[in-house]
């Protein structure tokens, strides 16, 4: 076989594989459409309440180790000032709420949690490292929860192994956190890789004949990684998909989005992927809605997190968006924990977490639930109050039930849980958009999260629809 | 400002401070050692900054460019080139920052006062813009890290056995000593002459543009060395080490300590780092007290902490 | 392909951005021109204007939107102007100090302002879109351009004209310019310098607050916006010439045009190119395009 | 007595520039303060104007103590000041320059005619910007601008310095006209004794911040030796 022939052969095989893959995903998506609103796991546990998840304890054999009578010190860090504050502040609140509820219910194995902080990290690595070092060495915390930005997250993950503390970020999306093996870092929130793959699957679902794609994102690693994951996945599944436009917002202070909107509309892509956050997203939507952008372009966003900060002016009708969590999804009637969590949050802080802050709050809340469960699980195994590495071991493979649904912690410490993708709409009487119950898809983790030990770039480049077991 | 002619802090005070610094691992946590390392990094770059500001009269609002530049050279070589030998990293950071200073300085030293300030700000923000956006090389906002697995002439260096801390002290003392020598030399005196009266300095035969240029390049070099301390102290280098806010911090440190004294910036650095950290650990609203201190220094202690200490000593002697 | 309607859209967009930059840099420049102080806290005044306007919009949300869009910015600008007068009182300590202390002082103010605003308005992005949408859109080809952006451009032109008229055609303006060019001589001619400083700060802070207020329907007020806007306005000010309102106007236009082009052609170089432009202008004209030699 | 300066001292930075200076200007009198560069002439005028704070001593205007008043209040009580380096507003037109002083003096526009009658050349270029005037014209503008405020006293710093002989004669004559027409007292600083003698009724000689001589112009003219000594200035 000559080189040319060989290339031709490979192409044919690839096309065949891709065809099969698309057929496969089509079938899967069709099936997921039929059984609304999906995930058997949720229906199975629909009777579990928040109180139960907090009060239930796993008790073990009589312990040779005694439980310390002092409170368990847990450090809480998050950016509370600067651009990361809209996520960091509600995140910290979610964590504090969890601690209060757990303490009301008697603490962890009877031991109260004492929060040290929340300490502002400004989202900067050096401040974050200072904060965690102080928490560990001055305050004696062995568990630290929180942080939003990737830069600080990477630095903390390194520090966690160096200083030996258990760390769960609020939401750090960068896939690079787990490029090296972490002993003490557990991420119970999604990554850019997973978000991008989910977006690609959703794109193929709502527009199976997609030919051209484009992106509009903030110009830094978060935006770039997310887009790479999306593009690689969709091109792996449909090699003839072309990129017609890549636009990057200036990172600091988007003011005028009109040139970007104009260019995107001029390029006429079938799908636009985007993962803008914070005040930039407000600016973009605010200016894109009246420009008629959403009427001409199919826009896919990863911001389906909390929509009650929005109205028709900042959020177009019929927008497709995805997330690992939404304030109203899992649906409150089917999944009471989410309802109770949100009601408790409003009761405690007077108002719901704003926009993306909802996800941060739920993440931090889940972190504490996971912590409690892991300590109890470890205590049951070792018979007594566990050491920090025993808690870390107990984390692996754990199923955590919380406002986000049911999530599993994998052996590589990554979160494994379903992604929610939906169309949003307005109904009369509700000022904010709601998830259209007829157009919700949840992608199981197997489809969206790169498996343990696999480099995410490789994985998305060779993305295939795998059989769901 | 006119420096009172007498002020030389008693040598004893410096010796005590040095002993405290050297003995720190025996009486404090390694958290405080990290803070001390950061303070030493700031001190190094502020001393270098003060060579331009306090001695030559050039106010730069772009010094983060050399400081962060040095830190980035270290982090880049560790992360992307696998160089882990500090005996290579340290001089390379200094030289990297020096080359940068040589390029920027060729333009900048022709300006004075506010124009010097603006042009240094412009260059540092250019570098920041590049580092931020060319993320394949620099990691973008994620930065570069961890700066770990370091060795010094084959010996493994880490904070666990305090060798990293002592290495930082070594670099810090080296910077301090060399800058001290420079300040005391004829060259240093010439710089002060330039600051006092530019026209007269030209008149007595000091080629002032050339001397300012030398001062700029030297300042860049030592800031680069300080950048290495920063990189090994924070372990993770992010673009904020190049941002103008950090340049403003350097100015603040120098004024806080007292720019009229050689050791002013050192005092300023330690006070700044500990203040900032204490405020941040106490409250989420840490900017308010810090800003208030900025302004209080301005109103009540214009000569900086060094002046306060000096006055105190004078009074105690009487 | 970029046809005529797209070109129009780009140009309008660029003018819109230029308007934002001018609104901020004009106040910065008025203050610098008279007081010779680089007021780093000007971005904070801008953000304060945004927050105050947001609260006013919410408080009067039942009124007509178009009416609100005109009155609220004026009111917010006035409130911020009064805050500016208060600032001026504290600023007196640094008038006679060297520039490093002035920078430090205004930098300290940034920190204090940031925290105070965070205490009052929290961290969430706050915006009042109803006003923005009340203006509707205008079709350009098959595109729609938001008319509120045009409104902002108009406000900017009005502010520019007002400033020109005030400075060139009124008694007080003439006095302000006199103080700007010869401070000491002005006092020897019977001008009460302190009062002129207060007026200047009132105007500068008013412009900053107005800028923030007029933009809050488009750009949310959120922590960090103060520094972001300051950095861009500062470049425009330096390019146009410190202390020159005309310079700020031209600087804003040039900067915006450059930025629009760079964002289309090579977005990675956005921040870099702005500062490259600034440095390049300084190399050719050290006092900026319209700056007066000191 | 329009102006009385009593044992006035002033410092610039660490340097003591004026030492116990005492001088008087009577109503309608032109007095010249003669001295070489750096002798303290300019500082004397600036201290009287309030631009340099007095460290000790007193200044009286029409018997009223003005030592503690800020410059702009002094100006409004009737002192006009024309500094050595002119300090005209370069971006303002000629008429705007004068108007500022006019507004501050609280008088009506009629005084403009008075000013332009005194300096007709300024009327011709009243809309020209200050930066486009020649040195002599700027000097004239500077004096003209001092007129509206100088209801009682004009302080003129080296009005005749660096001008051509014809210009010196014209300007000296103008200054006398101002005095006779508006009845103000004038204190001028001068380095050149001949120039000073052209206008002044009385002369003070200042050296190293101290008044070393006081006498009428006629006395000076009469004493040739003293003239020679002063010429070396």
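All chains are identified by letter, namely A, B, C and D, in their written order; residue positions are counted from 1 within each chain.
Simple rule for what comes next: a contact is a pair of C-beta atoms (placed from the backbone, for glycine too) under 8 Å apart; a residue touches a chain by one contact, two chains touch by 3 or more.
Bear in mind the structure is a predicted one, so any value in this text is a computation, not a measurement.
Asker: Among the remaining chains, which ones contact both subunit A and subunit C?
Answerer: Touching subunit A and subunit C alike, sorted by label: B.
Asker: Please name the chain that ends up farthest from subunit B once chain centres are defined by their CA atoms averaged.
Answerer: Checked the centroid distances; the maximum from subunit B is D.
Asker: So what's the Cα centroid distance for subunit A and subunit B, whole Å?
Answerer: Roughly 40 Å separates the two chain centres.
Asker: Quick check: how many Å separate the C-alpha centres of subunit B and subunit C?
Answerer: Centre-to-centre distance between subunit B and subunit C: 33 Å.
Asker: Need the CA-centroid distance for the pair subunit B / subunit D, whole Å please.
Answerer: Those two chain centres are 52 Å apart.
Asker: CA centre of subunit A versus CA centre of subunit D: separation in Å?
Answerer: 78
Asker: Specify, in ascending order, the residues of subunit C that touch 2 or more different other chains.
Answerer: 114-115, 118, 231, 267-268, 270-271
Asker: Could you list which residues of subunit B touch at least two other chains?
Answerer: 132-133, 286-287, in rising order.
Asker: In subunit A, what residues contact two or more other chains?
Answerer: 80-81, 219, 251
Asker: Determine the shape of the graph in which chains are vertices and touching pairs are edges (line, ring, star, complete, other).
Answerer: other
Asker: What chain-chain pairs meet the touch criterion?
Answerer: Taking the chains two at a time, the touching pairs are A-B, A-C, B-C, C-D.
Asker: For a test of understanding, state which residues of subunit B touch subunit A in their complex under the given definition.
Answerer: It comes out as residues 29-32, 34-35, 38, 132-133, 135, 139-143, 145-146, 148, 159, 230, 234-238, 240-241, 277, 280-281, 284, 286-287.
Asker: Which residues of subunit B touch subunit C once you look at their complex with the stated criterion?
Answerer: My answer: residues 53, 59, 61, 107, 111, 113-115, 117-119, 122-123, 125-126, 128-130, 132-134, 244-245, 248, 251-252, 255, 285-288, 290-295, 297-299, 302.
Asker: In the complex of these two chains, what residues of subunit C are touching subunit D?
Answerer: Residue positions touching the partner: 171, 174-175, 177-178, 181-182, 184-193, 292.
Asker: Applying the document's contact rule, which stretches of subunit C touch subunit A when the two form their complex?
Answerer: Answer in residue numbers: 1-2, 6, 9-10, 12-14, 16-17, 20, 114-115, 118, 122-125, 127, 129-130, 132-133, 136-137, 143-146, 149, 215, 217-220, 222-225, 228-229, 231-232, 260, 263-264, 267-268, 270-271.
Asker: List the residues on subunit D that touch subunit C in their complex, please.
Answerer: It is residues 49-51, 70-72, 75-76, 81, 83, 87-92, 96, 99-101, 103-105, 145, 149 of subunit D that touch subunit C.
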